[in-house]
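Note that subunit A is present in both complexes that follow, paired respectively with subunit B and with subunit C.
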Partner chain A sequence: MINFGYSLSNDRQIDFDKNDLKIARFVNQGEPTFKICIACGTCTATCSAGQFTDFNFRKLMIMIKRGEDHKVKEEVSKCMLCGKCTLACPRNVNTRNVIINIKKAVNLK
Partner chain B sequence: MEKKKIVVIGGGIAGMESSSFLAAMDFDVTIIEKADKLGGHVRNWERLFPTMRLGAEVLDFLNQGVEGRVKIVYNTEITDIKKKKDVFAITTGDGKNIEADAVLVTTGYDLFDARKKEEYGYKIYDNVITSSDLEMLFTEGKKILTADGKTPKRIGFVHCVGSRDEKVGNAYCSKVCCVTAVKQAVEIKDRLPEAEVFCFYMDMRMFGMHFEFLYKEAQEKYGVNFIRGRLSEASENMDGSIVVKVEDTLAGKPLRMNLDLLVLMVGFVPSEGSNKVGKMIGLKTGPNKFFKTQDQHTLTNVSNIEGVFFAGACTSPKTITETITDARAAAVTVADYLHDQPLGRRTI
Partner chain C sequence: MKFDLFVLPFTVGLAFILLYTVYRFARWISKLSFAEKKKFWLWLFTHKTILAIKEVFMECLIHRKIYKNNPLLGYMHMSIALGWLALIVVGNLESRIYSGTHLNPPYFPIFLRFFVHDHHGIPWSFFFTNLMDLILLFVLSGIILAYLKRAFSFLFGIKRKPRRRIQDIMIMIILWSIFPLRLFAESLTASVYGNGGFLTGTIGSMFSYLPYPNELAYTFWWLYSISLGAFFFVLPFTRYMHIPAEILLIFMRRFGIHTEKKYTSFADLEVYSCPKCGMCMDKCQMGFAANVKDMQSVYFIQSVRRNKVEEQKLYNCMICGRCQEFCPVGISLNDQRMIQRRLVADVVDAKFDYLPEKVIPAVDVVYFAGCMTHLTPAIKKSMVEIFEQAGVNYNFMDADGTICCGRPLMLAGKDTEARELQKRNEDTIRSSGAKILVTSCPICYKVFKEEYKLDIEIMHHTQYLLKLSNENKIKVKPSDVLAVYHDPCELGRGSDVYKEPRKLLGKAVNLQEIKNSKEKSLCCGGSLGNTQMNSFKRDMITEDACKQLLKGNPDLLVTACPLCKKTLGKYATVEIKDIAEVVAGQLNN
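Coming up: the complex of A and B.
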C-alpha cells in the first residue's frame, strides 16, 4: 500500500462497552471495601512508593473500575505493601488487601 | 386555665427561636442555659456565610422574640430529669426543681477536637489553627499573623477535619465547613490581598442558596485556589512554617507545599450537653451519635420519649438558617402535643 504519510490515532476514550471488568469483579469479591473509595487521594499523598515512582494507587483503583487494565500488572508491582495508606484512608478501605487482591487477579489472568 | 409549662434545654439559636414562638403561643417557657448569655456558638462567629452579615445581627433579631416573653435560667446545668405520668421534674445543678409538661432539647453541637487528627499537628505546631480560632481573630478584630508575628504569605484551609472520616468515627459530612472555608478564605484575601490562599477539599458541597455564588466570587474576585485532595499529613519546618502532603487528584500527582498558616475546618460532633441530657432521659441516638428523630422526613422534631422534642443541631449538623427554621417547626410540634395532638397522632 502506498504510504501517504498519514496515520490513524488510537481512540483515547474509555470504551465502557468493550472493556473487561474482570479484575474489578475479582477485587470486589476478595476485598469489598474496594467499592467505597471516594478518590480523596490521601493514600497517594502518603504513599512511600509514590514519592519515587509514578505509582498512584487512587488512579490504579479507578482504572481497574473502568476496565482500563492493560498496565495493571506493571503498576501494582510498584507497591511495597508498607500499609501507610491503610492507616490514612478516611473511608477505612483495606488498601493493603486491595493490592494483594489485584496482584492475585493479574496473576490469575 | 393555667398555662402549660415548657422547659427548653440550651439557649443557643435553636432554643431562642423555639422559645420565642412557644411564648408567643401563650405557653410558659423557661430556657435553661449553662453559660451566662444566650446565643451559643453564634456569639463566637463574626460574619456569616454566604452574605457576610454580622452574626450579632441575627442574635439581636432572635433576642427581640425572647426578651420579656421567656424565663431564662443562666449558668445552670441540668443534673436529672424524671418523668411521672405526663409531667417532667427537672433538677438543676443548684438543687432546684422545675416542672414541665414538655421538654424541648436544644443542646446543639460541639466542634470536633482537632487534636484527634494528630497528623495535622493542631496544638503540636504553632502555625496550625482551627476555623474557630481564625473566626475568633476576626471577632476580636485581631490581625492575622503567624506564631512569630509575621504576616502570612501563604495560607491553607483543610476541609473535612473530623468529618467524613471513619478513622475518628465520624462518617457524616458536617455540611457547613466547605462554605465556611470559602467565606474565611475570602475574608483573609480581603485583609491580606497579597497572600496566596489554598483550599484542600474532597468535594465542594455548595448546596445552599448563594453558596455557589460565593465559591465563584472566591475564585473570580479574590483568586482563592482550590486543590482537590485530602491531606495525609502536615509537618513543621525549622522556621515554623508548615509543609503539607496531599495528592492533587485532578492533576494525578502527589503535591507538597509550604504554608505559613494552616487552618483546619473542624466539623460538628454531638455536644457534651446532648450526651449528658440524652443519658438522663434515655434519648436514642442514630449511627452518627446525634439524637435520633422518630422519622427522617416527617417526625423531625419528635424523640423516642413522649413529651420530649428536639430542635437544631442536636439531631444533625445544620446551618443557622436551617436551625432557625427547625426551631420554629419544633415549636409548632410541641404546641400540637400540648393541645392533645390533633396532628401528632399521625403514624408513618
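Coming up: the complex of A and C.
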C-alpha cells in the first residue's frame, strides 16, 4: 500500500460492559467530590507537573470514569500533590484527596 | 496499735502504683535511642535537673499554663494537686512527731487520726491539726469547683467537653469522693474523741448526735481507704496516667529530647502525658467554626494510645498547630499527627523522573516563588519589581514552572517521595552558588528551613524585604492606610516569624492588632494539611477567620502567604494584599 503519511485512527469505542470501574468506585467512595468534576481542565492548566510533562488530570479523571485503567498508574505517579488544582477548581473538587485515593486504588489492584 | 485491716486497700494500691510507675519509667527510658539516652544520663546531674524540678512544680502543681488560660480552672487544678502533695508532706511530718520515730508504715500518716487520738503532750499538735484541716479545706475547695465545673463549665472557660470513656468517668468519680470521705472519716473520729481542728472538729461536733459514731467512723475509714486504693489501681488505665508521665516528660524535654519523625519512646511518653483535658477542642477552628467534632487532638492522641488510629480522622486536620499552642502539657501534637501519617502513607508510588535538571547562572540571591505564588501573580510581580528597584543580582528560579518544594507531600505523610523533589531543588539552588534563598510561600519556607540541606541563608520575603529596607536598598514611604496583618500558620506558629512582617508593615501602613494574632492566629482554612475536609467546611472556617480579622474595620487585609491570600480573598470584604504588594506599592526609590 502506498504510504500517504496518514493512517486510520484506532478504534475509540468504549465498552462500558467490559470496562472495569473498580478504581472509579473506590475513588468515589473515598472522595465523593470525584463525581462532580465537569472536566473543564482548569486543573490541568494550572498544574505544576504539567509544566514539565504531559500530565493531564482532566484526562486522568475521564480515563478512570470510563474504566480505561491501563495507563492510570503511570499517569498518577507524576503528581507532586502541590494542591494548586484544588484552589483553581471551579467545582471545588478535592483533587488532592482524589489523587491519594487513585493511588490507593491502583495499589490495591 | 498501728494496724487495722482497713489500711490494706490503700497500701496494696500504693504498692501497685509505685511499682507500675517505676516499671513504665524504666521502659520509657530504656527504649530511648542511644543518642537520647546519652542526653538523658549526661544532663541528669546538672542544673537542667533543677530547672526541670522547677518546671514540674510550676506546671504539675501550680498549673501555670492553665492559670493563664482561665484562673478559676487553674485554681481548681492547683488546689487538688498542690493540696494533695501538701497533705502528704505535712501529714508525714506530723506523723513522725506523733509517733516519735522516722520509720512509720506508709499508711500511718494517711490514717493518722484513726490511730492517734490522744494529742496531749505532743508538741505542735494544735498547729498541725489545724494546718492539716486548712489544707484539706484547700483541696475540698478544688473538689467543689470540680463538681461545679460539671454544671457550669462556661465559668471555667470551657465550651466543649471531650467525650469520656467509662474508665475515665470512673476514676473521676473516685477522685471526687476521696477527700470528702477523708473529711467525714476524720470528723466522725473527732466527734468520738472530742478533738479535731477548726474544720474536722466543727463538723465532728455537728455529727456528735448521730448514733453509733464509732462504727460510722470506722466505715468511713474503710471507704476512704478503698477509694484511695481504687484510684491507684485504675490510674494506669485512665487519663490520670498523665500525672506520673508528665513528670518524666518534663525532665526529658529539659534534657533536649524531642518528638521527631518516628514513633519513639519519647513520643509514646507524650501520648501518655495527655490528660485529655480537651483544651485543644475549644481552640480548634474545625470545631468552633466548621462544627467538626470528632477529630480534635484529644481524640487523636487517645486513638494513638489505644492503637486505633482512624485514617479519615488522622487526615482531617489542618496541621495549623493552634491546639499545640494552647496544650497545657505542651505535647507536640503536629509532630504526633505527622508520625502517624507517615506510618500510613510513606510508600513510594510516584515517579518524578520527568523533572528537568535545571542549572541557573551564578547569582547572589535565588528567588523561589513556589506553586501557590504562581496562582497569585501579583505577589511575584511585586517581588520582581522590588528586586529590580533594589538592584539585586537575583535569579527567579521557578519563573517557568515550579518543582514543588515537597511540603505538600510531607503533609500527606509521603516523606520519601518528597525527598526526590527536595533533591532536585537542592541541586538547582546549589548550582547558583547564591548566598540567600528567598521564597514567597511560608509552606516552602518551612520545608527549606527544616528539611533542605543547604548551606545558605533561607529567608521568607517578609524577612528579606525588611533586610533590604534596613540596608536602605529600598525606601518604603509611610501611609495612613489602616491595615490588619494575618499570620500564616506555617510562617507564624510553624517557623516563629512574627516580628519581621510587623516591622516591615509598620513602615508602610498603620498596623492594627487583633485578639487572635501571633501564636493564637487563625488558619485561613485553605491548609494543605487537610485532605479530608470538603469545601463547605473550609469556607466556614475562612468566613469565621475573615470576620475575626476584620472586626476592627481596617482598610486593608495583609497576609504573607499566597495560599492565605487566595483563600481569604473569597470572604474578605476589604482589599487583600500580600506584604510584598504593599511594599511594592509604597516604594520611594
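Everything below uses one rule, namely that the second predicted complex is superposed on the first by the 97 of 109 C-alpha atoms of A that agree within 3 Å, B and C clash if a C-alpha of one lies under 4 Å from a C-alpha of the other, contacts with A are read in each partner's own complex, and residues count from 1 in each chain.
Here is the rule we go by: a residue touches a chain if its C-beta (ideal position, glycine included) is under 8 Å from a C-beta of that chain, and two chains touch if they have at least 3 such contacts.
This structure is a prediction, so every number in the text was calculated from the model and none was measured.
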Combined model on subunit A where subunit B meets subunit C, clash or fit: fit
First, second, both or neither for A:72, with subunit B first and subunit C second: neither
Contacts of A:51 with subunit B and subunit C, given as first, second, both or neither: both
Partner chain(s) touched by A:37 [first = subunit B, second = subunit C, both, neither]: neither
Touching partner for A:59 - first (subunit B), second (subunit C), both, neither: first
Residue contacts on subunit A - larger count, subunit B or subunit C: C
Which of subunit B and subunit C A:80 touches, first, second, both or neither: second
First (subunit B), second (subunit C), both or neither touched by A:88: both
Contacts of A:96 with subunit B and subunit C, given as first, second, both or neither: second
First (subunit B), second (subunit C), both or neither touched by A:27: neither
Superposed arrangement (fit on chain A Cα atoms) - minimum subunit B/subunit C Cα distance in Å: 5
Set of subunit A residues, in rising order, touched by both subunit B and subunit C: 46, 51, 87-88, 92
Subunit A-touching residues of subunit C, taken from the complex the two chains share: 345, 347, 349-352, 354-356, 371-372, 374-375, 400-404, 408-409, 412, 414, 421, 526, 528, 531-535, 563, 566-567
Subunit A to subunit C touching residues, read off their complex: 33, 46, 48-49, 51-53, 55, 74, 76-84, 87-88, 92, 94, 96-97, 100, 103, 106-107
Contacting residues of subunit B [partner subunit A, same complex]: 119, 160, 164-167, 202-203, 228-233, 245-249, 252-255
Contact set on subunit A toward subunit B in their complex: 38-47, 50-51, 56, 58-59, 87-92
